[in-house]
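One chain, chain A, links the two complexes that follow: it is found with chain B in the first and with chain C in the second.
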Partner chain A sequence: MSAYFFRRVLIAVPVLLGITIAAFSVLSAAPGDPITARMDPEVRARLTQEDLDRRRRELGLDQPVPIRYVRWLADVVQGDLGYSIVTGRPIATEVGNRLGASLTLMASAALIAILVGLPFGVVSAVNQYGRIDYLLSAVTIILISTPTFVLALIALYVFGVTLKVLPVGDLFTFGKENDVVDRLAHLVMPAMILGLANAAQLMRYTRASMLDVLSSDYITTARAKGLVGRVILVRHALRNALIPVITILAIILPQLIGEAVITETVFNWPGLGQLSVRAAADRDPAMLMGVILIVGTATLVASILADFAYSVVDPRIRYVRDR
Partner chain B sequence: MRRRLPAIAMAAALLAAACGPAAPASPSAPGQSPAPSPNGGGDVLRVARLADHYNFWHPVQFQTGNQFQWWSAVFNTLVEAEADSRTVVGDLAESWEVSPDATVFTFKLVENATWHDGEPFDADDVMFTITWATQNYDSFLGFAPLWNQIKGADAVKGTTNVPEGLRKVDDFTVEVTLAAPNAEALYALTDMANVILPEHVLKDVTAADVEKVPFTLGTPGVTVGTGPYKLAAFTPDQSVELEAYADYFKGAPKISKIIFKLFADPALAVAQLESGDLDLAFRVSPGEFDRLSAIDTLNVISADNPGIIRIVFRTGIDPWSDKRVRQAVYYAINRQAIVDDFYKGRARVLINPPGFQEYDDLNRYEYNVDTAKQLLADAGYNGQPFRILYNQTFPDAQQVMPLIQSDLQAAGITTELVPTDNEGFLAQYNSGEGHEAFIAVGGSEGLSPDRSRQYFNPTDPKIESGYTNPRIFELWAEGRATADPAARDAAYHELARILNEDVPQANLYSPNLVMVATKRLGGGFDIHLNERETFMDVETWTLE
Partner chain C sequence: MSAIADSTARQVVVGEHESLARQSVRRFLRHRLAIVGLLVLTTIFAVAILLPLVAPLDPTRTDYGAIRQPPGPEHILGADLSGRDVWSRVVHGTRISLIVGFGAVGLYIVIGTVLGLLAGFGGGLADQLIMRTTDTVLAIPLILLCIVFISVVGPGLLSVIVVIALLGWPQTTRIVRGQLLALREEEFITASRVLGVADREIVARHLLPNIFGPLTVVATFGVAQAILLEAALSFLGLGVRPPDPSLGEMVNAARAPSTLQGLPWVWLPPGIVIALLVLAVNFIGDGVRDAIDPRSTRRA
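Up next is the complex of A and B:
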């Protein structure tokens, strides 16, 4: 078991390297020059070529892409992610400041997705073609087919502006930075929107997977043996139905990061998603690399967690034999 | 193993617990109480200006109107402008004298101003600000200060010398001599590019490190000004918190705190105006005008905009080098229809850059497809592509550009739209490639004819239209050189005729700006014509 995990983690390292190489190459090829991009055209006209070259040298941009990549990597290994050209601050600080907000939002959303998606998926499957099943299916289809930002804006206007039961965006109310209740109130809407959108997807998969398992022979056998419905459902059906569901979860976790970009933007939630949008729009390559590094790591961790979960749910699934 | 089934759920829960108060929503979470004073007490003004911002606090990195607003609350200039954005009044200079030829300016400084850290302000701070700027002029990457117009400014670039035209008369008097007359100089000095900086904080800062020192990054206690508010907290891309400075030399401000909120999505700012979480907003989308007007706690203001939407032709490219083709484009676009239908009348059609008078002898270029076609035929236009580069993040661009395209197509001009994002726009603008014209949105041209001077460059055809007719530069210089209204008008009249006839850029229209303020805001509060200047008298505002 431990050898298996050791190997999984070892494989993740070159994958992460590959991600950073690909990202670095794409960013280097993007139109827009970090030197002149944020420069007033009049100023640009005033500066001589030597001035521009000096600035390029200062940022190391005069070197070819592979050398710049190796330098970047060497700095990263030493814990230095470089400086943001947009804020003038170290990227590690910028990313660190926003990591907490993002993790809070994503973890809450993931929890909501699982707590809502799994049980309702089972309920839906057990009551196939019943009234509850139709109702849940209708709700999930609405949730899946409506873009997150539309849901978010509707929720903001209904619960924030009209009913005034929840705050309208932001991480906290100014002046109440340390008020836990105030922060929780601000978390409700973005976490629910992000969580429910993913719960809907998870529910559909759980339902399909459960239906698959419920119609299989060993369930029929279990019934024939006279086992009670709940035991069949939980111990025999759900456990097997979870295997494909875990695959979906492993996909949903990194997907959450992508969706958080939109949710964070709409709710003015100062997380990594918002940061990456701003960095992309501003051609802040070092900042984008910092975000990609974090997101790439998170994706790999999610996939390792999924593998771990497989082996828990189904001991037959082991890629390496224990010796 | 058996009991650890929901491993992922547990991992998520642990993660949630690890990052503090992150449990999912409890239904008992309390809501917001409604306006008028929902949170943070009644003495906090929450502001948003829905436009781009930069995260820097030193004029070397000054590129946005948001910085202008923050800085006018924290810093002072020598002189400032009143709400008409024309009348100049004293700021750190309590009085001044100007020589008849608009060349020598003598400023008498106030003697009771102090920096936010308690240090006294005097002429040395002014001398330092101007000297540093002239020595390091190439460090200014955005709106540049006026100081390079001082006599001898070029000679001290890269040295440690004081320019010839700068003299400290006594501890509270400074004399500035310009290299050439400039009757516009006083108003130009009200721009935040010319804020007076603290010598005791910045004296050892060099061009190499100015962009990274704590002052420039916005650090409370270090980023000190002489203004009515001091910087209390700054979180890049999120918020600026200002606190009243009780010792302000014009008297203590009446509102104790100001928070500038930065929004990633303007739609949320509008929702916060409706919910009472935002008290003042600049540059709200005109589409929100009617809805916000229905809220009785808000004043919704549709204000004249000194800025402009214009098509700038790259006049170096055939056939756009022929003025008849450019005139045809002007005739072919139904500007009045855009103003009436899209802006519901809250915009005004232009025939020149705003700031110029609309003299009777100018061509109004009223919509006329036949004239456009005739001009194209005369010029021998035969379907060459007309690619218009534009920044799709510009307000209304996504809706208006297709209207312009279909108008031009109807006149027989093969028009392609080239939408880009912010940086892509600048990249293509700088290279000059992939387009025959671009859309520019801006600015402050409406404040004076002199303001449009910046869009023309006598030597570099890559700047803007590349229109280098030497006569226009002479006329702009004439306008600057005299304070006599009749002589200035004569120069600007001829200039208006040339720009109107040659159409290096088609000045389309000027959309009104929508500003929204809570009705609790009063005292000296008034939206200035140049809205970014609105905070210049913020110490007089009150919040009920």
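Up next is the complex of A and C:
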């Protein structure tokens, strides 16, 4: 058991290195000079080429990309993610400040996706080809096909500006930093949009998985024994149907993290996604490296956790993998 | 002797393949939603590609008299903040969506197939390298990778197509390699080998027909995904740039509260068209999947 997870973590490390190497190589091909890019033209005029070269040496920018990457990595290991070329502030602080907001949003959204997706998937499967099934399937396919930002804007239009029941953006109302109710009100719309968009996927898979199980022999046996429908459903079918669903959860998570970029932008939610969009627009490569590192780590940790849950639910997997 | 055996084998394979294709088409035509999707997509195609040819619609012309004009006889979907005709912009934006969707997916199917063949045939180090790259690309949200690339090459139509093409191939590679490895175990491949058929020939005659089905499914859903991705990037200001019309960029106008509330005709139509387009492609994808793999019928 533990040996297996040790191996999983060992595999995740090179993947994470691969991600950062790829991003670093791409970002170092960015046009423009990080030293002169944000410099006041008057200051720039007073500097000679020698000054610039010296500055470049000090920052290690005269070195080839592989050496710069190794230096970056060495700094990261010591908790130094470098400085934003736009704001000049340490990236570790900027990213750290926003991690909480992003995690809150993603965790709430994931919870909503599970709480909505699983039960409705089961209901849909149990009533296969019934009216509820068709209705739910229609809603699902519409949610999957509509871009997250369009859903978000429609929600904003209805609940934010027309009915005025929910705040239209930000983490909290200015001056109410410690008001829990206010913070929750701000969380409702972004979390619901992100959650429902992913609930739709989850529901599709739960329905398929449940239908698979319901048509298996041991369910027929249970029916033949005369067990009550509810008992069959909960005690026999659901447990087995959940196994593949957990794998799907692991697949949906990176997607959810990706969609959070959009949700955060629409609702002005001060998270990592919003930060990455701003960094790209500002052409701030060091900042993007910081975001990639954190999001990459989070995604890999999430997939390992999903794997862990998988083996807890299904002892057969644990047994096979342990050997 | 071997020539005879070879030609007989060919005939058998070709014959079976054709009837399989016909079966698939028949199954596809039975899929009602897929037909609806096909009709919707055809209509959208016709309007977006053909209409600009017959009716001059200028998506960038600004008419100062029409600024913020609601839908009416002059501008059927109204005009935006700069007085540009929303209908013209929706038509041209849809065109861009289709170009990105089909262009990028077409490119990455080719890239993915080539890499999959390299991994499968090359084995060893090449296989390891390609497959680990695949894992790496799949491990991180696609949109974030796109953002990193765009920050380097700069936004624009060409950038979006190239970025999606460069990042979208891993799934194709996995399928091609998987099929190749599975086929290698088949007896008829061993037989062809024994008969002295070249690898190139085996790929063209046995592998490609076998992966055509799964690749069509991946490509169809890929088009839907690429259209959504382009819309999202343009919405974030990192995709197609104004004055070029893009549906996602048009929706972006709604981020200003006054437009969101006061000018719904500016952002709602492009939003609906994206959804409709993706919905149609997804229905077609469902139909194609069910047609190709009868076991998956009416499942997910």
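In the analysis below, the second predicted complex is superposed on the first by the 287 of 323 C-alpha atoms of A that agree within 3 Å, B and C clash if a C-alpha of one lies under 4 Å from a C-alpha of the other, contacts with A are read in each partner's own complex, and residues count from 1 in each chain.
As a working rule, a residue touches a chain if its C-beta (ideal position, glycine included) is under 8 Å from a C-beta of that chain, and two chains touch if they have at least 3 such contacts.
Not measured: the values here are computed from a predicted model.
Colleague: Quick check on the superposition: with chain A as the shared anchor, is it clash or fit for chain B versus chain C?
Modeller: Because the two structures are overlaid on the shared chain, the partners are seen to clash.
Colleague: In the superposed arrangement, does A:Arg204 touch chain B (first), chain C (second), both or neither?
Modeller: A:Arg204 contacts chain C only, not chain B.
Colleague: Touching A:Val312 in the superposition: chain B (first), chain C (second), both, neither?
Modeller: In the superposition, A:Val312 touches chain B alone.
Colleague: In the superposed arrangement, which partner chain does A:Gly88 touch: chain B (first), chain C (second), both, or neither?
Modeller: A:Gly88 contacts chain B only, not chain C.
Colleague: Where does A:Ala281 make contact in the superposed view: on chain B (first), on chain C (second), on both, or on neither?
Modeller: The answer is both, since A:Ala281 touches chain B and chain C.
Colleague: Should A:Tyr157 be classified as contacting the first partner (chain B), the second (chain C), both, or neither?
Modeller: In the superposition, A:Tyr157 contacts both chain B and chain C.
Colleague: Touch test for A:Thr299: chain B only (first), chain C only (second), both, or neither?
Modeller: Second partner only.
Colleague: Where does A:Thr265 make contact in the superposed view: on chain B (first), on chain C (second), on both, or on neither?
Modeller: both
Colleague: Identify the partner contact of A:Ile246: answer first if only chain B is touched, second if only chain C is, both if each is, neither if none is.
Modeller: first
Colleague: Superposing the two structures on chain A, identify the stretch of chain C from 3-11, 21-29, 39-47 or 57-65 that clashes with chain B.
Modeller: Of the candidate stretches of chain C, chain B runs into 57-65.
Colleague: Determine where on chain A the residues touched by chain B overlap those touched by chain C, and list them.
Modeller: On chain A, the overlap between the chain B and chain C contacts is residues 31, 153, 156-157, 161, 168, 265-266, 277, 281, 283.
Colleague: Tell me, which parts of chain A touch chain B in their complex?
Modeller: 31-33, 36-47, 51, 83, 86-89, 94, 97, 100, 103-104, 107-108, 110-112, 114-115, 153, 156-157, 160-161, 163-170, 173-176, 180-181, 183-185, 187-188, 191-192, 195, 239, 242, 246, 249, 264-268, 270, 274-275, 277-278, 281-283, 305-306, 308-309, 312-313, 315
Colleague: Which chain B residues qualify as touching chain A in the complex?
Modeller: Within the complex, chain B contacts chain A at residues 1, 4-9, 11-13, 15-16, 18-26, 29-34, 39-41, 44, 46, 55-56, 61, 63, 138, 140-144, 211-212, 216-217, 235-239, 241, 259, 261, 263-265, 267-268, 271-272, 274-275, 277, 393, 421-424, 426-430, 454, 457, 460, 462-464.
Colleague: Touching chain A in the complex: which residues of chain C?
Modeller: 132-133, 135-136, 139-145, 147-152, 224, 228, 231-232, 235-238, 248, 251, 254-255, 257, 260-261, 264, 267, 271-272, 274-276, 278-279, 282-283, 299-300
Colleague: Hey, which residues of chain A end up touching chain C in the complex?
Modeller: Touch list, chain A to chain C: 14-15, 18-19, 22-23, 26-27, 29-31, 141-142, 144-150, 153-154, 156-157, 161-162, 168, 204-205, 207-208, 211-212, 254-255, 257-259, 261-262, 265-266, 276-277, 279-281, 283-285, 288, 291-292, 295-296, 299-300, 303.
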